[in-house]
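One chain, chain A, links the two complexes that follow: it is found with chain B in the first and with chain C in the second.
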Partner chain A sequence: MSEMTKKMQEIAREILVKGEAEVVIGWEKGTFWYLSPPAFIDKPEDVQRLVWDDFCHNNLSKYLVDLKNHEGKAAVFVKGCDSRAFNRLLQDKQIAREKVVLIGIPCPGLLDQDKAKELGKNSDLPKAQKCLDCQYPNPLVYDYYLGDKEALNEVAATKEAADYSDVAAIEAMSPDERYDFWTKQYDRCIRCYACRNVCPACSCRECVFDQTRVGWIGKANNSSENQFFALTRAMHVAGRCIECGECERACPMDIPIMLLNKKLVKDINELFGEYDAGIDIEGKLPLGHFDKNDPEEFM
Partner chain B sequence: MMKTILKAKLPEMLEQLAKEYKVLVPAKLEGVSRFAAYRENLELALDENVTMPPKDIFFPQTEEMYKFAAKDQSLEIEEIPQDEKLQVIFGVRSCDMKSIDCLDQVFLTKGFSDPFYQDKRDRSILIALSCVKPMESCFCTSMGIDPQKGQGADIQAYDLGEKLAFEGITERGQEVLNKVSGMFAEEDAAIPPMGEFNLTANVEGVPEKLKNMFDHSIWDDISRKCLNCSACAYVCPTCHCFDIASEVRGEDGVKIRCWDCCMFDEYTVMAGGHQPRPGKKERVRNRFLHKLRYFPERYNMLLCTGCGRCVVKCPVNLDITNVIKKIKEA
Partner chain C sequence: MKRVGVFVCHCGTNISAAVDCEKVAENAKSFPGVAYSTDYKYMCAEPGQELIKKAIKEQKLDRIVVASCSPRMHEPTFRRCIESGGLNAYLLEMANIREHCSWVHPDDKERATIKATDLVKMAVAKVMQNEALVRSTIPITKRALVIGGGIAGIQAALDIANAGHIVDVVEKEPSIGGRMAQVDKTFPTLDCSACILTPKMVDVANHPNVNLITYSEIEKVEGYVGNFDVTIRKKARSVDLKACTGCGTCIQKCPTKVPSEFEMEMMDRKAIFTPFPQAIPNKPVIDRESCRYFKSGKCGVCQKVCPTNAVDFTQEDELVTERYGAIVAATGFDLFDDSVYGEYGYGKYKDVITGLHFERLLNASGPTMGKIKRPSDGKIPQNVVFIKCVGSRDEAKGKAYCSKTCCMYTAKHATLVREKIKDSNAYVFYMDVRTPGKGYDEFYTRTTDQYGAKYIRGRVSKIYEKGDKLIVWGEDTLLGRPVEIEADMVVLATAMVAKADAAKLAQMVGFSYDQNNFYTEAHPKLAPVETHTAGVFLAGACQGPKDIPESVAQASAAAVKVCGLLSKEEMPTEPIISAVNEAICSGCGMCVPVCPYTAIDLKVIQERVHGKTVSRKIANVNSGLCQGCGACTVACRSAALNLKHFTNEQILAEVDALCL
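Let's look at the complex of A and B:
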């Protein structure tokens, strides 16, 4: 058992025994060695299910939306990206800070699940792309903190600036090439909405894609409806997406959703100044407030 | 004696068949493996089962049922012509063969016959393909399926490593083999034994036990991590729910039938707005009760073939074998 797993279990037990929260949300081992899905722990004797390893991908802050109308308190483990998601939900008034106990985990970066499946257990596995791109591996908000902050601060300080070369490659395409590229990607979308449902930035009480009778989007699966879905989803999370990569990981059809999200992050940076969602909860939202100096070249 | 052919010669055989039939084969297309119409240089996916099951060949995600036009107080209905060609579907694994049996039950039995499904089904000649090594997510044997014999196949193909062997089962299947008989060698071939399974499930007694478990607390526990998406249902070879909608532009419209899933809000919401399955618990419970109790009650078979697709694709690893285990232990 890793040192961190041990610490996780200890703190979870303590929280449950003291009654600081009635449920602890963490990760446990799944069906295969490279899966560590979410776990809900209610009883102190169940804490041994909890693990911390290279595959704790799920962004647990998403589950706090379920607890919105719940009376009691929940404790949740947060990596850097989960903590950013928490901040965003807080900013959108989706959760009350006092109803949540946050246990921060400094994240060394997780491994690529698809590669793990493909290459097998004893191979040299690459980090997940979202982790290579991540600028905030340390939790930004927490009540408890597990692990060595110093060491991670160093990692964070030496991190390279976000790499947008993948987005630049798409931008460099001609409009026709780009249209072909995205048509091919979203033609295989099965509209299962896993990308939306796993996303901590998708917290609307009623999603536009569920209002089929209003007619925003048709039920048919075809290029046009699928692309309408793709673009609308991306625009709806613009400025709120904290780049946790969960949408892309969840997608059963391996659609490169993060390319769209990253494009929007890049555009926001260029149009409204450097902005990272879920970092500073007092700051103004680039797309959530009006400024007379905002660019409006299209008008 | 069996009819064998080198795998390297398979494209030639498919090419030949494609002159007469529409030929669908497991292929890797844009990074996802699925059944696709055979064409030259198509990347065949024969090493493991395809990500997307053959379900959409018979029951497409979106099916246009008929067109209509409302003009001057009158309504015109226009039928949509169906393809009439026979289709040969090559490379269906045993689990997916069983799933077609499940779909047949729904769309063709109990006094109902769905013309859209029936038409495609009647035009299909199925070539099942035996497995040699299960994927890590496969558990078909636990669901009573023989991975080396496809139920309801017109032709059974066997994977012999370098070669494939073919065995005609129905008359229609024999006819297909006759069209390419010159390409086969006749030889005694031993079918390699099936590899070990990594995943298993023990469903014995589960449908009966579930009769009294509607109100069990197990559903609260199982459903908590579910996201209520439809990844599991849309990759499932047996899930068959659909919704009928109209797409109307001006005077013209078309009735479409699209896949639907019991995880979605709209699936159960009533006309007056009442939602009998409001949350995760009710929806997840319905999924597993349908697969493991209601379907067996109605059709005397499970609505799960052990193909393992949902185990792999669920973003929170809500694993049906684990659910079965929890039901057993409850």
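Let's look at the complex of A and C:
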């Protein structure tokens, strides 16, 4: 058992025994060695189910939305990306800060699940792409912190510039090539909506794709409707995507969804100034406010 | 089964010269839902409207497409038309085949006709999706606010008050009267400005329906037409208006002298002062910036000599909030800063003054008791040079526009110089003489012919001092030779500019202003006193340079608009606004900051979830504030917000009609 797993179990037990929260959301070992799905612990004796390993990918803040009408408090473990998701949901007024106990965990970067499945146990596994791209491995907001605080500052100070080389490669394509590329990708889409369900920026009460809007949004699984879905989903998270990469990980058809999200992050940075979602909860959203001095080049 | 009627207008030859209107009407017959289609020369004229009404009845039409001009032009006309024909006004669509078609494609009738047909096709598809909308009403607060107590504000307030409505006049200065109070005589009749202004000031002050709020400024404006909540800052006057009798003892005894703004700093006033003898209210105010008591804590003479104990040093600014149904902005103008023109030496030579300085020199209660004297040495000038268009019509250094009043007041000044000073000369340098106005050109002709003012067409290149003279170098462009005049005094006809804080007020109230910060009327010809913000009207020079007759006329016009609004108990609101689907709204609040009209806030609702009552927040659109711009509908991811009359489905129907 790792040191961090021990710490997690201890603090979870303490929180439940003291009654600080009614449920603790963490990770537990799943069906396979390379899966660590979310665990919902509400009894102190169950805390030994909790684990911290290289596959604790799930963004746990998303589950707080389901507990919106829950009367008691919930405690949740947050990595850097989970904490950004938490901020994101706060900004979208989907959760109340006072109803959540946040337990921060410094994240060293997790391993690639698909490669784990492919290469097998005891092989040299690469980090997940989303973790290679990650600029905020440490939680930005927490009530308890399970790591070394000094290390936290150090990592924050060495935040690397974002790498957009994959986006640049797509941008370098001709429009036809690019259309073919995305058509091929989204022709595989089975419209399972896993990307949406796992996304912390997708917090609508009723998603437009679940509504009946004949002629406007179709349910058919074909090239045109899939593209409409792909573009709409990307635009709906634009300016709010915290780049946790959960959409892409959850996709059973291996569609490079993060590539679309990253393209939008890059465009927003270029058009509206540098902006990282889920960092500052007071600031204005790049696509979410009106200013009398907004440029109106088209007028 | 929906039955659409299509009516194609020729607009005389505006449309029919470029579009085959008969063919468009014929083509429309084949579109799904169209039961009747016809064309007519002038659809907006009475016979055209009758044609529509008759067809609604005879053909049992339930929705109408009019293919004509821009909906901005005649949508209200045709809405009224189909309403009187028995249909809901919003079951109308306009296909703009004039601005969007015939006017932009005048040379290709065949293809313009195809385009017009497509535009009609889209309108038919849209109108099939239209829903009947019902106007709601909002109550109207029967109280008007006039911002500015100059002649425009006074006139507007009097007219509104005479119609029986309560009016508050907020004036920034200690007295009402504005610029007109500074003026000596008025053109073209040369009657004394004070003689015609002060009785009006008294009228407005004594009117039972008018409340004067002087020495006060607008702090905050919230709300919308019919219900503006305005916060007014009443600046501390340091004199209790109720106790003060206006005896003036305090003014006499005050030891501190400062240059009088009203007298263009050519004369002193006291630190406790009334700006001019006929001021209303004729009760003093303490200028705390220069008052010895406020600066050093010592003095207090005014308080000691006041027989009614009205001087109160402890007074503080007071904020009051009042609700108004309508607002008239009548904030007036400032003068251009002439020191920009270094060649004229304004600000450097004491005897180079503006027209407004000259007005004070003419005035019997001014610094020279009405005798024209030089500010430098008090000598009576023999040669007076007037320079017109200083700051006006000069894109390089001044303003591009014509200040409109200068030609006439310069003629007036020249006349008065010749009249008041024996053997004097009045020289006027001008670019053009513009005298449109009743009796104006006759006045100008008298100035030159009867009074012998010498008009020189050309600009002045330099003014410099030589002894006690001002040497004016210029050019007579008609004779094509240089001119040099030994002048005793130079008067600059200074441009009128917007008030320095004009933009601030416009932003606060929420109406638009132009590149010169003059307030923008809703339509330069057909809505000259309205703004684009419902319930806010304009009067006087805050909208652009104006003389007194024009300001008064515009003020009365604005007053009529206010009275029209206040004469109703409630007013209908435009139903083309955003609507919230409460079941879907997740209360994320993204729509709140994107709304340019602050029409959306979040409200708490209660609902039952799994047997428990829970509360949650949802968006709430204020129907009085929403202008139907649709910004919120694009911000809303779950499409909980929809703009009535422009729903996603309606827009899609148009797109499908064109593209499928």
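We take it that the second predicted complex is superposed on the first by the 283 of 299 C-alpha atoms of A that agree within 3 Å, B and C clash if a C-alpha of one lies under 4 Å from a C-alpha of the other, contacts with A are read in each partner's own complex, and residues count from 1 in each chain.
By our rule, contacts are C-beta pairs under 8 Å (C-beta built on N, C-alpha and C of every residue); 3 or more make two chains touch, one makes a residue touch a chain.
Keep in mind the model is a prediction, meaning the values are calculated, not measured.
> Identify whether chain B and chain C fit side by side or clash on chain A in the overlaid structures.
Here the two partners, once superposed via chain A, fit next to each other without clashing.
> In the overlay, answer first, second, both or neither for which of chain B and chain C A:178 touches.
neither
> Under the stated touch criterion, which partner chain does A:198 make contact with: chain B (first), chain C (second), both, or neither?
First partner only, chain B.
> For A:236, select first, second, both or neither according to whether it touches chain B, chain C, the two together, or no partner.
Only chain C is touched by A:236; chain B is not.
> Does chain B (first) or chain C (second) touch A:30, or do both, or does neither?
It touches chain B, and chain C stays clear.
> A:254 contacts which: chain B (first), chain C (second), both, neither?
The first partner, chain B, only.
> Please indicate which partner A:6 is in contact with in the superposed arrangement: first for chain B, second for chain C, both, or neither.
neither
> Report the partner of chain A that touches more of its residues: chain B or chain C.
B
> Determine how wide the angle is at the CA centre of chain A between the CA centres of chain C and chain B, giving a multiple of 10 degrees.
Once the structures are overlaid on A, chain A sees chain B and chain C at 120 degrees.
> Does chain B (first) or chain C (second) touch A:216, or do both, or does neither?
Second partner only, chain C.
> After superposition on the shared chain, which partner residues are touched by A:93: those of chain B (first), chain C (second), both, or neither?
The answer is second: A:93 touches chain C but not chain B.
> Please provide the least distance in Å between a C-alpha atom of chain B and a C-alpha atom of chain C in the combined superposition.
8
> Within their complex, state which residues of chain A touch chain C.
My answer: residues 68-69, 92-94, 203-208, 211, 213, 215-216, 236, 284-285, 287-290, 292.
> Along chain C, where are the residues that touch chain A in the complex?
Interface residues on the chain C side: 507, 583-590, 593-596, 602, 609-610, 612, 614, 616-617, 631, 635, 637-640, 648-649, 652-653, 656.
> In the complex of these two chains, what residues of chain B are touching chain A?
Within the complex, chain B touches chain A at residues 29-32, 51, 61-62, 136-137, 199, 221, 224-225, 227-231, 233-235, 243, 245, 247, 256, 258-259, 261, 264-266, 280, 311, 313, 315-319, 321-322.
> Once bound in the complex, which stretches of chain A touch chain B?
My answer: residues 30-32, 35, 37-40, 58, 62-63, 66, 184-185, 187-188, 190-194, 196-198, 210, 212, 218-222, 246, 249-250, 252-254.
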